[in-house]
Structure formats: structure tokens, C-alpha cells
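As C-alpha cells, here come the structures.
The following pair of complexes shares a single chain, chain A, combined with chain B in the former and chain C in the latter.
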Partner chain A sequence: MTLAVPTSLDDAVRLLDEHPDAMLLAGGTDAMVEINDGHRRPASLVIALNRVSDLRSWRHDADAGTVTIGAGITYTELMEPPLATLLPALAEASRTVGSPQIRNAGTLGGNLGTCSPAGDGLPVLSALDAKVRIVSADGERDASIHDVMLGVKRTSLEPNELIAEITLPVRSGWQGYAKVGVRNAMVIAVASACLAVDETNQSVAIALGSVGPTVIRCTEAEQHLASAVDWDTGVVDHDAIGRVGELVSAASSPITDHRSTAEYRRHAVGVLARRLARRAFTINGVAA
Partner chain B sequence: MTVIEEPRTTIRSGTIGDSPVRPDGVAKVQGTYAFSSDLHADGCLFGATLRSPHPHARIVAIDLSAAWKLNGVEAVITAEDVPGQLTYGLIAQDQPVFAVDVVRYVGEPIAAVAAIDPETARRALDAIEVTYEVLTPLLDPEAAIAGGHDPIHPDGNLIRHQHIVHGDPSATGAVVVEGTYEIGMQDQAFLGLEAAIAYPDPGADGVELHVATQWLHEDQKQIAACLGFADEKVRMVLGGVGGAFGAREDISLQVHTCLLALRLARPVRMAYSRAESFLGHVHRHPATIWMRHHADADGRLVNVEARFVFDGGAYASTSSAVLVNGITMAQGPYACPNGMVDGYAARTNHLPCGAMRGFGAVQACFAYESQMDKLAAACGVEPAEIRLRNAMKTGDTLFTGQPVLNVAPVEDCIRETMALPLPDEPVGGTPLSDGSQDAMKLPGGAGRTADAGDIVRGIGWGVSIKNLMYSENFDDYSTARCRLADGVATLKFATAEVGQGFITIAAQIARSILGVDEVELDQIDTHIGSAGSTSASRQTWMSGGAVDAACRAARERLFEAVGTAHGIEPIRLMIEGTDVIDTAGDLRIPVVEASSGLTIDETIEYHHPPTEDLDENGQGNCHTAFAFVAHRAVVDVDPELGLVKVVQIATAQDVGNALNPLSVVGQIEGGIAQGLGLAVMEEIIQIDGVIRNGNFTDYLLPTFLDMPPVLATLIEQPDPHAPLGAKGVGEPPCISSTPAVVAAIRDALRQAGIDAPLDRVPVRPADICL
Partner chain C sequence: MRASDLDDWTTGTALDLVGSSVDRVDAVDKVTGRARYTADVQLPGQLTGVIVRSPIPHGRVVSIDTASALGVEGVVDVLTADDIDEISWYEDDAPLLPGIVRYVGDEVALVVAETRSDAERGVGALSVEYEPMEFLTHPDDVERPGAPELLGNESADEVEEDGRGDVDEAFDDAHIVVEGTFRTPVAIHNSLEPHGAVADWVGDSITLYTSTQGVNDVREQMGERLGLNHNQVRVVSEFVGGGFGAKQVAWKPTMLAALASKRTGRPVWVMNDRSGENVAAGKRNGTEHTVRIAADPDGRLLAIDADVRADRGAYAVKGEASAVSGPYLHLYQCARVRTRVRRVRTNTGPAVAFRAPGYVESTFVLESLMDELAGELDIDPIELRRRNHSSRNQQEDLEWSQPEGLLRSYERVAEVARWDETDDRDETDGEDEHDGLLHGRGFAAHDWLAASAMPPGHAGVEFNFDGSVHVSTSAQDIGTGTRTVLAQVVADELGVDISSVRLSLGDTSTGPPAPTSAGSTTVPTMAPAVRAAAAAAVDDLLDAAAEHHGVERSSLSFDGTHVKSSAAAFEDQPLGDLLSDLSPRVVHGWGGRETIAEDVSPRAQGSAVAEVSVDPLTGEVRVTSITVAPDCGRILNRRLADSQVIGGVTQGIGFALTEEQVVDHRLGVVVNPDLNEYLLPTVSDTCTIRHAALDIPDLRANPLGTKGIGELPLIAVPAAIANAVRDATGIRLHELPITRRRLLEAIASSEALDHESGDHR
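This part shows the complex of A and B:
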């Protein structure tokens, strides 16, 4: 096994093109676990990405109202201002990831590269309709996040492609993330949800994690909530929130496994959606 | 955490009652301590174990040829290569070194290999071809007890049945409460994985094994039998042990490592991964316990009826002793004139179960404490009050007819726990400096699932009794040697230091008894008699007793020498500080000086008084001694999501005499973490006999953020039966903390208008909210 440590994106892409079976290594917090557990054999070539400076930077385009994050940005970086102020839901999701050590090493690109249904960054990317820039020796392409995540640990990346950066809109309006696990920290999500309000367009996005083979967007619930909100006051009726919870539960398609039951996951994700909506808006009616 | 205790009078540094720093503490904190998994020898080979993927199957054929052909593979061995006894076991020798003809659980060893590196060893395992005829597994302990199923082992499907009848078992009371309780399978989850290195003697007629274990001499006996050696041909040295909790009482990789090393005449090292560790050691027994309590209208117990079923898994291990611990503690730390208990330990094709901290008492306690809460509710009294009304006292009798002759300060444990303050922070804690909520203070923690308004708080109680030392006519003695010369005491014992801190208190004992400052500890190995196991909360009492006795014997020799030199009756001499003094005269000589040039060398075996077997009615003085503890848990619950945050645990523990208060507190905090784990998250999940969460991603242990502050009061009433007055403190903290946490969850839910039975641990979110 050889370890390549490219320092430019071009070099990384060229190496990957020459060795399509090579393994990309970012923070290694998924990849090394898989190797240690014997689920993955180290490929003949491992390409370490952490010295590729292009992947480790981010930029804010105030005119376009977007933030573009290099695939190698860590959770620790996402949790701190200015990124945390620009992308609050991503910061909240990052705070739920693992432990300080994992957050120092783990990257958003690696989260997407793994594409676990429980990846905590992914519901946020989905709720914000992220754009993913994918590069290869053939050039680069932009793909919608919804087209990149295909299923359980399955992306639409070709073997010679890598994720370079992810672009997200800076939205006005509340956004947040909540995650249920059986422990108070360092735990894989049993159910999670991101809710992001777009005040400009008077719309709401809700995306769910761990309740389907990949992240689920809840269009019906989103529309129900958006139409129930009084956008001038930010007030929404208590019953409408209850209905949002039901629609979210209905949109989920969880399984029963050793971590939880489908029934609990469906229930929990509905509760999370209600509570996130409660944080986003002022509730009219029964006290929360 | 806060420890609330009486200020101690001045204690000479490093002696009994002081809390000197552990000799291995700094190295452990800095990461330089050598655990057994760090052992290495030049030119050593790496062993690996092939394990069964089936819970029950006949082995039709094993083809080793492809494995042998791999470059770098030096040995491939199976049951055919075991020269001695083919099976081992702590009580019954029913567990094969390697499976012969049948496999009985997922993970059962079938073959082992040694290769030049771990990766080659792994590939060799992949190359071994085993042909199985898959059999229907026996997974229901009730079916094993009922007897309809074909025996899955020549010893049958029932490991032990024991009945206890006491007083008038048909007695009834005005108030009757009943319930069936379930306890899931918990893992000891020590951090230092199983590892050993074996050095064959030249000529391969003996072997030296360095291993992390709880009991060197028991390992030695079992290994020697399997190797076909005399015991002394197997020399055991304790490797650095990273926790044990019962999981190192049984043989795991010991025999395999020795067999490979002897076969190859080269050192061989074996080390388990976390996944393999889950398969390679025994676990806490899952149990189903039915209980019916009868009490008078005031809630005073009249009769307890109970039926215990422990799932022992595929091999006997210590199941029969776990069973007896469980059923003989059925009444809990409460006086009760009548009782009838039936207990079964069944054999199934699940993972084998055996010792884990609390050893049967944990399962019993979850059942009887849940019952005491039901009784309190039925009688309309507070949970603490019902326990005070029934609290056992010194001299009360167990259902076995055995009087509890130890100090039994059950009432003090409860009252002192009640006296500890409740948390002063409201639900969710005080807001952060920017006015926002600290998510870590709410159930759901980092997941930010709740706001303070979603949460209810509850309080729950748990009180328990635990027997100390081994029971049922077992002489689990301990041996210690003390040499004294030139003011330096040198101690030797085979007591396994597994992290509990015996090496610290052994030196404290020597300093106190002999008036020395300098104490050296010899290597922990089998070049001295047995110390018994580091389990059953017994080493402070047993090995502490042996060290104490050896030091006292050495002190007598010292007094004789001083007496002879100064023409004084040795009886007049005593140690004061670091001096020998004449109680009837002026003589005062520093021990350093008095012991200069002497060679004092004393070895003592310490035995506890004999215990008895139980008769067919479960009567007999089967236990050695008892310790007690009370726990009060404060828990915040999110009733809608079923998530829990334990906010505080208060405890008062009967410790006899705290030889090292800091060590005692360490045991209390650690044990509570383990009890909390069983209450709300820790469980090995097997589906159709296959483990599904044999890793730390999915076998969840409490983290720092799940562990609440602990308030502890040490009840120090020196026990006259205990050497140094000190009771074992290791197990009690994890026993009643579990039911206390669950009771607090039930209490919180009642305040939210929910009456959830929560008759199973660990409590899962869905048990609360669905």
C-alpha cells in the first residue's frame, strides 16, 4: 500500500485518474474505522487530501448570497463564527457530531463521501439545496445535492471523481438541526431533522436523516408549514405545527434495526420537526 | 464530584486512611503504562482465532490445507492439537478449547493460527474452510428449562436449579404487589482488550504466559490441564490489566496462545480486537425475574415469592454461582420472615454468560427494588420510607437461614443518602452567559432535541445488599509475603491488579503496620501461593487481610529482634509513626535502624471462615459477608422522545473502613457509571443468536456527558469480621444505581401523567414514549 500526499487539487485528481481504485482519505474518521473493522481493505494507493489547500478553504460571496466550503473543512471550523453565523444549521449539525477529536478531524466532504443515512451534515445540505462541485481529470461539474446522494452509502460519484467544494445559500430566516440518539453525545443518529426558513421566498425546507436509505425531503410538510405561517408576524397556529409533525412522520420510511425500531424513528422525527418549527416561529394557541 | 465526609484526623502520609497517588497512576494518565496489548517480544509470532458464524451447527469438515500454504503462516491448530484436557471452565469443565464436532454459539473458537504478522494471520483464518451442518439453535431459556429440547451439550440444557423455602411460604399480607422484570445482557466493556504473550521453555516442556487476567492461579490450573502439564510448568505473570469487571475470570486466549508458542518453540502474541472481545469473554446474564411481595397494611414485608431465570448461554462458566447470588438476595436488604424462591440457570446457544460486577445481585436488585416502589405506592408511603420500615439490621436472617452477622447499616445508608442535598439547578441548568440554553444540560444533549419546557424531573431510590467473597463452601484464600530489611518492606502476592488499586493499599497497609515509608512491590506472578480472584469485592478483605497478616508476622520478628537486643519483652513493643517504641519504657528506635541488617521474611495465607453448601431447600450459611448501599437518582426525562439525562446520584455506602478514600470514591463513581449504563443504554443485542452490536459504535457506554455529579457519603462502621475493618466496595455502587435511575424515570413520567411500567433494563426511548 502506498500513501500519496498531494498538495494541489490537480495532483490529487491526476493521481485518482491514474488509480481509479485508490482510496481517498480526508479526516479518516469513517475510512479508518472501516479498515480497522476489516470492512474495507486498504487499496494499493491511498490519496490523503488534508494537504490539498484548495479543499481546506472557504469563501463567502456576499453578492451571490452564498458560502462555498472546501470538502476538507472540518466540523470544528463549521462550528465557529464566521461560518457558524452564515450557516447556523450546519454549525448545529456539526456540534452533534462525535467528540471534539472527531470534529477536529472529520470533514463535510468525508460525510458526503460516505453518504450514510445517519450523516449529520447531509440533512442540512439537503434542506439548503446545496450545489456540489465534483472534479476529475475530465473536468469539473456541478451537481445538485439531491442528485449526489443515491442511497445507503451510495453516491453518484464516478471512481475518478472527487468532491471539491459545496456551495450553500446564506438565508435570512431561522434554521436549525436536531438529532435523537440514545446517548447525550458521541452517538449515531436514530432520527434527525433540519428545518430551514427562507424569509425572502417565504418558504420552509425540512430534511430528515436516519429515517430512510438516504436523506428525505418533506415537501408536503414544508408547504403545509409555509402556508400556515403568517409571514408578517412569524406566527403559526399550534394545530398547524401538529399537522407538520404528522406529515413529517408520514414522509419518513425508517427501518427496524439493532439501533431502534421503525415505529420509534417515525414518531421521533415527527416530534423533532414540531420542535424545530416551534423554535423557528411563534406558536399561537396551546402553550408549547 | 463532592465527597461529604467527616474530616480525618492527621494521618501519616501513605498509610491507611490516606489517599496516596497510585504507583501506576501517572504512567496511565500519560499513556506510557504498558497494558498487555502493548507486550512484544523480538521474533514473536502473531496468533489469531477462527470463530463460528453459527449459534449451533455440526462441524462436518475442517480443511486447513489452504491456510498452511500461505506464506508466513507458521502453525494452524484445532482441537486435535490439544494435548491435555479438551475442555476448561471455572466450575464445570464444559467449554472446549476448540470446538469438537459442534459449535454452540456465534464466536466459538474452532481453530487458531500463528503467522509472521497479524494481517497474514487474518488471511490464514479466511483460508480455513469449515463445512457446517447448521442446527436449530436453542435460544429460549424457558424451553431449556422445560426439557423438551434435545440437549445442546452433553451436560444437558439446565445448568442449575435451586430452590429456597424459608418460614411459611404460604403466608399472605394485606397488600400484594407483583411483577415480572427483565434484565438485558450487559458487557463489561473494559478498555484494555484481551492480550497475552507466551514464551515457551527450551524443549517446550513448560511455558511462561504474560496475560491480563483476574486470577493467575486459576488460569494456571486450567491452562496446565489443557496443555497436559503439571501446574508449575505453566508460569503466569500478570500483564498490565486495563479493567476486568468479571470478564477476565474465564479463560479466553490463554490456552490458544500457549499451544501455538509450544508448538512453534517461539514466543507468540495474541490480542483481540473490540469486535472479537465481545465474542471472546462472558457477559452479564440476561434474566427474567418474577416476584410477588406480600406486606401488612403498613408495608412491612410478610413474604416474598420469586422465580429467577438466568440465560447462561452456551457454557456453564460461573452461572451456578451467579444464580445462587441472585436468588439468595431475593429479599434485598430487607427483613422478611417468609420466602420461597425458585431459580434456574439455563443453557442456550447465546453468548456464554458469567461474572460481571454485581454477579447476580444486579439482576435481583432491579426486580426487588422495582417491587419495593410498587409496594410503597400500594401502601401510600414514600419510597424511602418503605425501605426504612423494612431495613435489615445486624442479626437479621436471610431466606437461606443465614444470619447477617456483619455490620448492616441499611438504615444509616438510607438516612445519610436522604441527607444529601438535591440539585439546586432547575431543569436545563442555569442559562449560559449569552442567555441561551446549555443543550448539554437537557436530555438529548448535543442533539438539541428538547427545550426546558419539554422536560420533567423525577427522583428514584435503590438500596441493595451484596455478598462479599466466594460462597458455598469455597475456600478462596489469599497469600502474601512480607520481607523487611533496612527499613524497606517488600511485598509479594499474586493479587491481580486490574485497576482497582490493590497495589496502592497493599503499600499503605505495610506502612501502617510496620512503620516504614518505603515499600517495594514484587512482580505479580505465580511464584507465590494463590491470591484468589480479583472479583466478588474480595481483594481488600482477602489479600488485604493476607498482607496485613504477613506484615504483622514480620513486625513480631522485628519486635523479637529489638527485644533481644535491648533485653525487653517483645510484647511491650509497638510501632508509633516510623519508630519502634517501648510502651513501658523510654526506648524509641526508628524502624529503619531497628530493621537494619535483619532478614525478616514471612508468608501468610489468609482464609475467611468456612461457608456451607445450600441444602435442597436452599438453607445453609453459604455466604461469607455482606455490604450495603443506598442510591438516590435525580433524572430529567423527555417523555415525548423517551430520552433521559441523569442529573445527580446521591449515595451512602457501607464501606466499613475506607483504607484509601480516593480509591473508594473511584469505585463509587465508576460503579455508578456502569449501573447507569445498564439502566438506560448498555445492552448486547443478539438476534437469532447473532450479536448485532459488538462494537463501541452501537454498544453504547455512558460518556462523560452522560455521567452526573455524584454525592457520596462513606458510612464507616468498621466491621469486626473484616481485617482492618474494611468491607469490599467494588460491586455495591453498580447494583442499586440501576433501579434508582429507572425509578426516577418512572417518577418523572408519573408527573407527566404517564404510568409506564419500565420493567425492563436498559430502558429504551420507545419504552418511555410509545
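This part shows the complex of A and C:
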């Protein structure tokens, strides 16, 4: 096994183009677990991306109302201002990842590259309709997050492509992330959800993790909630929230495994969505 | 000197160190990494062995092709059953490397190489052909009528019965009967340091560096199997990264390392990796209990009838794996008790003792039923236990060494947990009735044996010629702080500064015999032994001084720095000066702790209070506080006692809420043999932990009045948590761990029942 440690994006892309079967190593928080468990053998070439400075920066474009995050930005960096202020749901999701050591190592790009259905950052990227910049020796292209995530640990990236950066809108309106695991920390989500309000467009986005082969957007629940909100006051009827939970549960498509059952996941994700909606809006008609 | 010759150290003695929170004497060595654990041992020319384990739950090893492994660069040797003398293992006398494997993880071969990665490549290249056989990994399947006899199961005839009185009669006319069937999971010890050894065979003798709770037992066991005398086997275990009961005997990695060292003529290092550790190095047995208890209208127990099935796994490991009948027999005053225990064999890893083996399991069951009884009769849970207090061992008709210990525990735990204050914790909070948290609290009591069957322990104390002190015993410190506590006791007995006391522990070649560290017995055995040795060393010092100075022996005394005399002409002599004068005479003492008095039954009981909040919509249980009041006798070091409490309570939280080895019974494979999927509690899963310390010297248990604390703080915690969940939700869970899914399912089915009966509350 050879380890390549490029320091520029060009070098990384060139190496990957020459060795499309190479393994890309970002924080290693997924790859090392798979190697330790014997589920994966390191390829003959491993390209470590942590010294690629182009991947380690982010920028806020105030005019465009966007934040562009290099793929090598860690969860720890996402948890702290100013990023946390600009993208509160991503910060909330990052805080639920693993332990401090894992959050120091794990990156947003790696989260997307692995594309686990339980990846904590991914429902947020989906809810915010992230744009992904993908580079290769052939050039670069922009893709919608919805076209990148295909299935369980499956993306639309070509073998010679890597994720350079991810662009997210800075929205006015509440946004948050919630998850249930099998213990309180260091745990893979059994069900997770992100809810993001767009006050400008008077819309709501809801994305679910761990309850399907990849992240699920709940269009029906989103529309139901958006139409139930009084956008002048931010008040929503209690019963509408209950309905959102039902629609979210119905949109999920979970499996049973040793961590939990499909029934539990379907139920829990509805509860999470309902609670996020309750945090996002003022509730009318709450029983005392 | 014998420990029983000592005074009880309660009156007229200035104890500077005993009872205070002295820092661990090895704290700096541990935090700087200087302390040498077994895995750290590096000897010149050392090889590494990696174990080849069975991937199938039951089957015949048809052939092992070692040639391809031996062809891997760096591989030095491969050991299979064909390559070694016949050595039997476990209580079953099964072959060390069996021709018929009994569970996924059973040892098949050892690949020995220059480095660990060479050895792992060798394992990858090794080809083993198996002929799979029928297997049964679930005890229900073993007991199913018509199930095949796979592992010499004689469960039907192997029922262990115990108890007293006519139980059936009591149930016929009891005022109230509470009953249920309960299950507890397979839990894994997960010591930070796995099992393993470095073996160094030189000439006709062997040195074994091994992570063990008992260097003497390992010496005996290895000597017997290798045909060596005790003085040809040296066992060293200077620092141990935890044992929790799973390291009481020599395990296969130790023997495989020994055989490989003999064959290769080089030292060989063999440590389990984490997955090997989690499938093949012991586990708490899974149990199922069907229990009924009968009481009179005041809640006084009339009878207890317990039927327990324990899954012991594929092999029987030496030692008590599961004393499940103990709590039923001993915790409460009850004239009629019957326990029946069946031990079932399955094609899974072997069960072994795990911190209060059997007691944690049965306490969950008995205390769940006592909680139900308290609810049915509307009696405060602690008051119910008081009414059923037992001050004696009813099986042996002996008084407890501390007949009131448990009552003191009840008082103390209630006071510290503020049990009697009016609480509104049953109320729901939160934004509405559908999303609030439910709060509850639970109580549980526990019994424990308190070192009632410990073997004798010995120690030597020697004054070096400069006046510093050397303590030697082969007793090991398995991480609990034994080294520190023994130093405190010696320093106080001599009156010297603790910094002048050094101990050699965990080495059969330098210390006299001492028992295995198990059953919370190390301190109650070894503290009296080292104290007796220190007292004997002072006697020897004064004998020598009397002879040297020609003064009356009875006029002499030692205050820790000087030898003094009541005789007028004698000038106080500094210790160092006297020892130089006496040189080459060595001043030393020998102390022993013999078996306990036979007219009492030593007991260390206690109780716990848990507070929880439950999210009824996700099933999440958050433990908010645990208070425990263990009657461990005299507390020698409060901080170390608190450490044991923190660890025990945390293990209790894990056993109650998250820890469970999961087997895929279709394949017979453990699906979570790692720390990623086997869910130990994290810091976020723990809570406020209060040690409601009792500190009552139990002088009938031993002359120091100390009973050990290792097991105690764990035992009642899972039961207290389950009772708190019941208090919060109204749901009685009959199976641990209380996972989010299980709790939610139970809530859903109880709501469905309410719905059917038209009760909408």
C-alpha cells in the first residue's frame, strides 16, 4: 500500500485520474472503521486529502446569500461561529456526530463521499438543496445534492472525481436537526431529521436520515406545513403539526436491523419531525 | 504474625492515612504510560502470535493447510492440534485446539511471526476446511422438545436445587402472590486490556507475563498442564487493565504463547484483539427467571420460588460463572425458599464470572417483584424491605457479621437521595401532554457474599538498611487501587511516611502466596496480611534492638522514626542508625490472613436509588441520578472507594439500558463483537453518581473491618433503574436492557390494552 499526501487540489485530482481505483482518505472516520472490521482492504494507493489546503477553507458570499464549504472542513469547525451562525442546522447536526476526536477528524466532504444513509450532515444538505462542486482531470461540474446521493453508500461520482466544495444558502428562518440513536453519544442515528424554514419564499424543507437507502425529502409534509403556517405571525395549528408527523412517517422507508426495527424508525422519525416543527413555529391550540 | 493477633485498630490508634483519600501511589506511572501492562512487554527477539478462530458455530475441522501460511514472509511457525501435545482445557477437558469447534470464535490455530502484520497476513493465507454441523445458539432452541443433543447437554437432569421450607404450601393460602418471567442479556466485561500473555521459555522454566486476576492460580494451572513444578513457572502481572471476573484463570492465549515460545525458542506475545476478546474470553451469562413471591397483607414474605435458566455457552470455565440463587436465598427474611437452576449449553462463547456474577441478574428480578409487591400493597418500597430484613444467613443459621448493615444502608441511601421528601417527579413536564418527559424514581436492595470463602493470603515487610520499607506479596492490583491501599495500611501500622513504602506485587517469584483478586476479597484478605507483616517487622526490629543494646525488650517501642525505651539510660535512636548497627542482620516480618471465623457469615449488602426521565414517544431513558450505599465495612481510601462506585454504577447503567451481545441465530454469529456496536455507556449516558458512604468497620468479618467494595455498587443499579422506569411510565419491563425500541413497544402494547378495555385515562 502506498500513501500519497498531495498538498494541492490539482495534484490530488491528477493522482486520482492516474489511479481511479485509489482510496480517498479524508478524516478516516468511516474508512478506518471498515478497515479495522475487515470489511475493506486499503487499495494499493491511498490518497490522503487532509493536507490539500484548497479543501480546507470556506467563504461567505453575502451578495449571493451563500456559504461555500471546502470538503475538508471538519464537524468541529462547523459547530463553531461564524459557520454555526450562518448554518445553524448543520452545526446542530455536527454536534451529534461521534465524540470530540471524531468531530475533529471527520469532514463534510467525507460524509457525503461515504453517503451512508445515517450520515448526520446529509439531511441538512438535502433540506438546504446544496450544490456540490465536483472536480476531476476533465474539469469541474456542479451538481445538485439530490443528484449526488443515489443509495446506500452510493453516489453519482465517477471514479476519477472528487468532491471539492459544497454551497449552501443562508436562509432567513429557523432550521434545526434532531436524531435518535441507541445511546446518548458515539452513536449512529437510528432515525434523524432536518427541518429548515425559508421565510423569504414561505416554504419549509424536511429531510430524513437513516429511514431509507439514502436521505429522503418529504414533499407532502413540507407543503402541508408551509400551507398551514400563518407566515405573518409564524403561528401554526397544533393539528397540522400532528399531520406533519404522520406524513413524515409515511414518507419513510426504513429497514429492521440489529440496531432497531422498521416500526420504531418510522414512528421515531415522525416524532422528530413534529418536534422540529414545534421548535420552528408558534403552536396554536396546545392542550394545557 | 497472624492477622487475628492484631487489635481492631479502632481505639487509641492514630490513623493518618487509612480512611483518607491518599493519591494512587502509581498514578503518575499510569498517566505517563510508564506502568508496564502485559501488551507493553517487549523482550529481545520477541515474536507475535495471532489466533485463528472458527468462523462456524459447530463443526469438524477437516484439515488445516499450513504451508501457504508458512510461506508468508515473516511467518515463523503455525500451531495446530497436530503440532502440539494433547493438552485439555476448560472444565470439560476439551482439547486446547479442538477437532470439533463449538462456537464462532473457538480457537483453531496460532500463527507466529516476526510482526503482528506478518502474522495477520499468515492468518489470511491459512486455509482451514470445516465440515459444518448442526448448531443451537439460543437456549430456547436447546430446550425445545426434540432438540438434538449437541454439547453433552444434560440440562433436564442437571437442575441445582436449594432452599428451605415447604414452598408450594405457602402459595396455596397466601394473601398476595406476585410473579413473572424475566430475561437478562449476555453482557461483555470489556476490560480496557484484553486477555493475553508474553511467554518466555528459557531452559526448563518459563516466565509468563500475563494480564490476570490471579498469578498464583495461573502458575498452578500452567504448571500442571505443562508438567512443571511451581518453581519452574514464574507469572508476572504487574499492572492489569481490568478483569471484572474474566481473568481469574489462565486462558488459551497464555497456553498458546507458552507452547509457541517452547517451539520457537523465542519469547512470544499473544493478545486477543477486541473481537476475539468479545467472543472468546468470557461473558455474563444470559438468564431467564420465572419467579413468584408470596406475602401477607403487611408485605412480609411468606415464600420465594425461583426457577432460573442460565446459558453457560459452549464450555464450562473454572470458577463460579453465575451464583443466581444467592439473592433469592439470602436477601430477605423468608421461611420458605426454593431455587432451581438449570445451566444450558449453547454454541456460543463460554460464560464466566462478571462482577457479582448471578447477583446482578437475580437482583433485577427479585427487586422488580418486590417493587410490584410494594405497589400492590401500597407500601413504601424501602419500608417494605425493612419489614423483610434478615439479620442472619438462614441457609447456614449463622448471624451476618454485620446484622444491621443493610438497615443502615436503607437509612443512608434514603437520606442522600432525599427519598422521603415529597416529590412531584411523577408529573409530566414539557410543552403538551404528548411531548413531555416522564419522571420516576426507583429503589432496590442487594446482597453480597463479602469474601466468605477466601483463601489465606501472605505478605512480607522488610526494613531496608536505610530505613525505607519493602512490602512483598504476589497479590496483584487489577486496577482497583490495591497497591495504594496496602501502602496506606503498612505506613500507618509502622507510623512511617507513605513515600518510604514500596510494594512488589503481582509476581510469583518475589512475593509469598496470595489469593486471586475476585469476589471483592483482595483488600479484606491482603490488608490484614500486610498489617500483620508490618507488626511482625516491628517486633523483629525491637527484638534486635533489645539484644543489640542489652535492654529489656518490653521497655522498647518504635514511633516510625526512632526506637525509644522507657529505660532511663536509653537515648532515642533513629531507625536508620539502628539498622546500620544491626547490619547484616535483616529486619523483617511475615504476616498472614487466615480463613475467617466460622461463627458468623460475612456479608456486604447495600441499596440503590435511581432517578430517570423517560421520553414516552421515543423510548429514550435518561438516568438523572444514582445513589448507592454499599456496606463495604471500613473505608480505607474514600477516593478509591468512590472510583469503584463510579465504575460499578456506570456498568449498571449499561446493563440496564444499552449493553447486550446480539447473536444472529440463523448463522450463529455475534453481530456486535466490537465497541462500535456493543453499546457501553458513554459519559453522556451516565449521570450524577452519589456514594452514600457508610464506613462501618465490620470487625467480625476481619480485624481491619473492611469488606471490599468492587462488586457492591453495581448489583442493585439495574433493578433500581428498571423500577424507576416503572414509576415514570407505569410499564414493567421484564427484559434487559431497556432499549428505546423495547420500551416503546411496551408502551404501545399497554396503550392498546387500555384502548381495548375502554380505559382512556
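One rule holds for everything that comes next: the second predicted complex is superposed on the first by the 286 of 288 C-alpha atoms of A that agree within 3 Å, B and C clash if a C-alpha of one lies under 4 Å from a C-alpha of the other, contacts with A are read in each partner's own complex, and residues count from 1 in each chain.
FYI, a residue touches a chain if its C-beta (ideal position, glycine included) is under 8 Å from a C-beta of that chain, and two chains touch if they have at least 3 such contacts.
This one's a predicted model, so the numbers in the text were calculated from it and none came from an experiment.
In the overlay built on the shared chain, the residue A:Ile283 is in contact with chain C alone; chain B does not reach it. In the superposition on chain A, contact of A:Arg275 is made with both chain B and chain C. Contacts of A:Asp37 after superposition: both chain B and chain C are touched.
Of the two partner chains, both chain B and chain C are touched by A:Tyr264.
Of the two partner chains placed by superposition, chain B and chain C are both touched by A:Met186.
Of the residues of chain A, those at positions 33, 37, 99, 180, 182-187, 190, 258-261, 263-264, 267-268, 271-272, 275, 278, 287-288 touch chain B in one of the two structures and chain C in the other. Contacts from chain B toward chain A in the complex involve residues 122, 273, 275, 440, 443-451, 453-454, 640-643, 645, 680-681, 685, 687, 692-693, 695, 697-698, 700, 702-703, 705-706, 764-766, 769-770.
Residues of chain A that touch chain B in their complex: 33, 36-38, 92, 95-96, 99, 176-190, 192, 257-261, 263-264, 267-268, 271-272, 275, 278-279, 287-288. The touching residues of chain A, counted against chain C in their complex, run 33, 37, 99, 180, 182-187, 190, 238, 258-261, 263-264, 267-268, 271-272, 274-275, 278, 283, 286-288. Chain C makes touch with chain A in their complex at residues 431-435, 617-620, 622, 657-658, 662, 664, 671-672, 674, 676-677, 679, 681-685, 739-741, 744-745.
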